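The following pair of complexes shares a single chain, chain A, combined with chain B in the former and chain C in the latter.
== the complex of A and B ==
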């Protein structure tokens, strides 16, 4: 006679079965970070070996000492944080009203505008960098963080706008109409009714714009010439060498430090993202 | 609400104030120097030179900036296009000739002193000589391709390493590789290979070493650059294919890796020799080899000759540089006998000044410097360095075809046929 499982046991077994691939996926995702952290504590003679180990045999802080030195990644990280936060917030501030207008105000131009937004994503950075730099130089914005922020805003704006447009379009018009019937003004509708429902979208796009700016290399390399203004990606490239070689230890240590703010941003915004989703579903 | 607005406005003002374009003082002349040195000792050497200059020249202050080799080409091209150029930049002779042809660089010919001209090896000057005999860059570092070997494995196999006076031929290398290739545990698989040759980006290495066989690849016919793959060009390719697939004395690990990436296997005793590795990679060995690991450098192999092609690393002044005279004065200082030697030692490369290379740091037996330095007399400027369109030829045509050849997917005849046919189309576009 075949053995039958009770319903709670069956549920637990199903959950366990679902958790196994999830755990495997998390390990798969976490492994590069683990390897990076491990390398950051190794000396060169432990890195360039045929069978490297995950746990360093003779851990060292030398790599961290080097990257945290006077020309290290801390200042570069702070520079990047400033540029990434400012460009993400600005992009969002510009994109939100634009997305609202595109989603709510019907016009024959809308489709063309959305199309253009998508097409503009396909331009390679090398194509636009020279005219962009000349424009920045004309306004004395080359070699400045403000100039780089402008570039990043322009660079991430189309995608941010496109994503937000989808979010706004997904909200039913009836919500605004009901609020208007109840006597709410337009700013009240926007900030009290729509904003809480848009929080997941805002968090997603903010995160996108932030990470985009945080990881960007080429524009920063070209726009910023003063070593004091360098961003973290440009700063880390100093450890890259020739023919596949690099100074792996300092590169890993710098990368670990550079990863922390992005991880913190994810952790912070993830909470907001979840709370935004929940608040959208609650009836006050 | 009003308070929030005021707070936002105050934050915005503070932020804009902190991000405004930098406006440095104007008292000293500022020279922006872009360097590509990346190894720890190399960066320290460059910084030492810059610090020494800044200390003794308060009127001309050098601002040092580091850019990596992977980004320098785009960095300089965009700098030339926008006019926002460094005053002095470090690069290598091959792209420099192209930059010079496009008018991006200052002609340094009238600035070069007779002392500098006489002291730098004529072969190094050759690598930067533009049409009309103009010089747009000062060559200051160069490298050779060397063979690094495991002394213990040689000793165990009873192989006597060659000397500078009596170098090996390529046949000798293949014989030694056969002796050194072993199945140590009797499982029918090779555990120790005689050699491993980094072939991930093989073109420059193959072309440089083919010069010893008399193979130039690029020839001028009727005023046009053409590529020919004759016996001299096939010689090295045949040897490499034999080692990989006939004798099986070269590890297949080399197919997807650059030479320096083979160092861990070399240190683990998996390969007895690393032929064709850049002289600068010794630093990685010094950093990573266990204290009791014995390694040495073999002299360049003899084909018809021991010649090999080499590019040089250079310093140049862009045509749009604001402070050319100050920039040149810094170059003279940075490339004095001792400063050039300091930077070359830091980078584990050779200085191009004859007076520098005679200094004791380059003639010591430690880390194979004596044998490595001796290889300088065989360095030649390869003809392909001055072929317009070479970079595209290498990237688009030669590299994929050589990768197919070394992966044994096409024959040598097919390789020769396709490379000759494809070259005409690319090179004619650059006429």
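== the complex of A and C ==
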């Protein structure tokens, strides 16, 4: 009798005991974003105080108004959006036929391609950016969005190819074979039969590539010099000094804006995250 | 008879060649940009590491002069030592803390689905924003950390975490762990879910405690995932740039100048592109060595 009474009690006690470290983890991981968001709605006199509060006492939209005005965050975000979308779409278009070949056709090339995927993931970007910068400069593409788009396409290709090939592999072979027996040509098979089935995989891969390009900093820092062309990450990184702290409110508002697209994409991707991750390399 | 056999023999290599051409045409759109913007620059980058190339003057082959210069370059040694401390502590911290969090999220706790989403937050954020947020958390006057520690009575005077010689590296490492924790947790959690419950129950029936079940049943089954995750994290962390660039720009006095930051400043601030490429070559050697070592050990461990 005593046993049957204490068992559920003990289980409840264990659960409570687990919640304490879990809460510590959640605070550690999520609090900085909550703090950033809260700061973005505060007035300057509420930001640099000795006893800050999580919920602003006098919430304001001034920071957003300011940062969306002459601060250039809108332009920088549009620049980033353009570069990220273009590079993600291009990378996908280039990688799709290759992903099909990698998943479906046995050939000696496959080993070379997989070798390249692995090597390109482990090389430090400094080694590739110096000659890449020189090549771009030779074609007058340094300091241009087109140049940065090309860099991002090549940079994201390895993992785009890897994830896509996983999705192609997951499709049943019989459909293609039946279509081939019926006399369908290869482009017909690719676009009529495989594409519709691949759409969820394509969407996932596109979002990965988009988020990676949206968040990227190093290449954008090296390739773009003109403030008019800068991406949102580079333009925000320029606010670091004392001046940045004095203007922390607008900076926090800009940071929230710059985080939103990646967060939205992640919320959407969340369910596919693990399978996509295990099937291929993913940059962090 | 002989004629047909001959034509079959003729047709086989032709069919193979046509097949190869077909495969090649599928790869072609990929191969051209990859060759032009990845393979050729990579080879060129490795080559530049053996020259005295500076922006504006022609590159001259100088054998191993760059590497000889590194041996006497105090900044090089500091930077790579920092790189190792950073890489090992961040990777280790991610795996250990990630395992703890994955175990918690694998247990029966209320609102588990919500927690599993919330822990992903740092992963989705751009590295620059992460750096900016933590600069504010660490700020000496208005920072959250000093405020919390002082009001809890742990600290008497505020510390300038990112500028203090005793604290800068630890502070940066903590942010590194914070950044990588979501990914490590998600991977480890998916690994935990593949461990069959029957094995743990059998061990429990044999009288194994919770810790012993974890140590002798769960952990050995997770070993391949842990090795793969640590190798990837090792590479990523060793090549890390944006986060620390925004946090400290390598300061104070080069204390947190990771190898990538060191190479970036050499190449793009001082214009020593040859030396920067040489630093990149050394990084490749180090990464290659560690990954090979890891793969060998894993191969030896599994048979």
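We take it that the second predicted complex is superposed on the first by the 209 of 284 C-alpha atoms of A that agree within 3 Å, B and C clash if a C-alpha of one lies under 4 Å from a C-alpha of the other, contacts with A are read in each partner's own complex, and residues count from 1 in each chain.
Note that a contact is a pair of C-beta atoms (placed from the backbone, for glycine too) under 8 Å apart; a residue touches a chain by one contact, two chains touch by 3 or more.
Here the structure is a predicted model, which is why all the values come from computation and not from measurement.
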Which superposed partner A:82 touches (first chain B, second chain C, both, neither): first
First (chain B), second (chain C), both or neither touched by A:100: second
First (chain B), second (chain C), both or neither touched by A:130: both
Contacts of A:142 with chain B and chain C, given as first, second, both or neither: first
Touching partner for A:222 - first (chain B), second (chain C), both, neither: both
First (chain B), second (chain C), both or neither touched by A:247: first
Partner chain in contact with A:54 - chain B first, chain C second, else both or neither: neither
Touched partner set for A:27, first chain B, second chain C, both or neither: neither
Which superposed partner A:120 touches (first chain B, second chain C, both, neither): second
If touched residues of chain A are counted for chain B and for chain C, the larger one: C
Set intersection of chain A contacts, chain C complex versus chain B complex: 47-51, 126, 130, 134, 217-218, 222, 237, 239-240, 244-245
Chain C residues touching chain A - in the complex, by the definition given at the top: 19-20, 22-24, 26-27, 29-30, 33-34, 36-42, 44-46, 48-49, 97, 100-101, 104-105, 107-110, 115, 117-137, 139, 141-142, 144, 147, 178-183, 186-187, 189-190, 232, 235-236, 238-239, 241-242, 245-246, 249, 259-260, 263-264, 267-268, 273, 276-277, 279-281, 283-284, 287-288, 291
Partner chain B, residues of chain A touching it in the complex: 44-45, 47-51, 82, 86, 126, 129-130, 133-134, 137, 140-147, 149, 217-218, 221-222, 225-229, 237-245, 247
Residues on chain B engaged by chain A in the complex (per definition of touch): 15-16, 18-22, 32, 38-40, 43, 63-71, 74-75, 78-79, 81-84, 86, 198, 200-201, 257-261, 263-265, 267-268, 270, 278, 280-281, 284, 287-290
Touching residues (chain side chain A, partner chain C) in the complex: 15, 18-19, 21-22, 25-26, 28-30, 32-33, 35-36, 39, 47-52, 93-95, 97-98, 100-101, 105, 107, 109, 113, 116, 120-128, 130-132, 134-135, 150-151, 153-154, 157, 161, 186, 211, 214-215, 217-218, 222, 233-234, 236-237, 239-240, 244-245, 248, 251, 255, 258-259, 262-263, 265-267, 270, 273-274, 277-278, 281-284
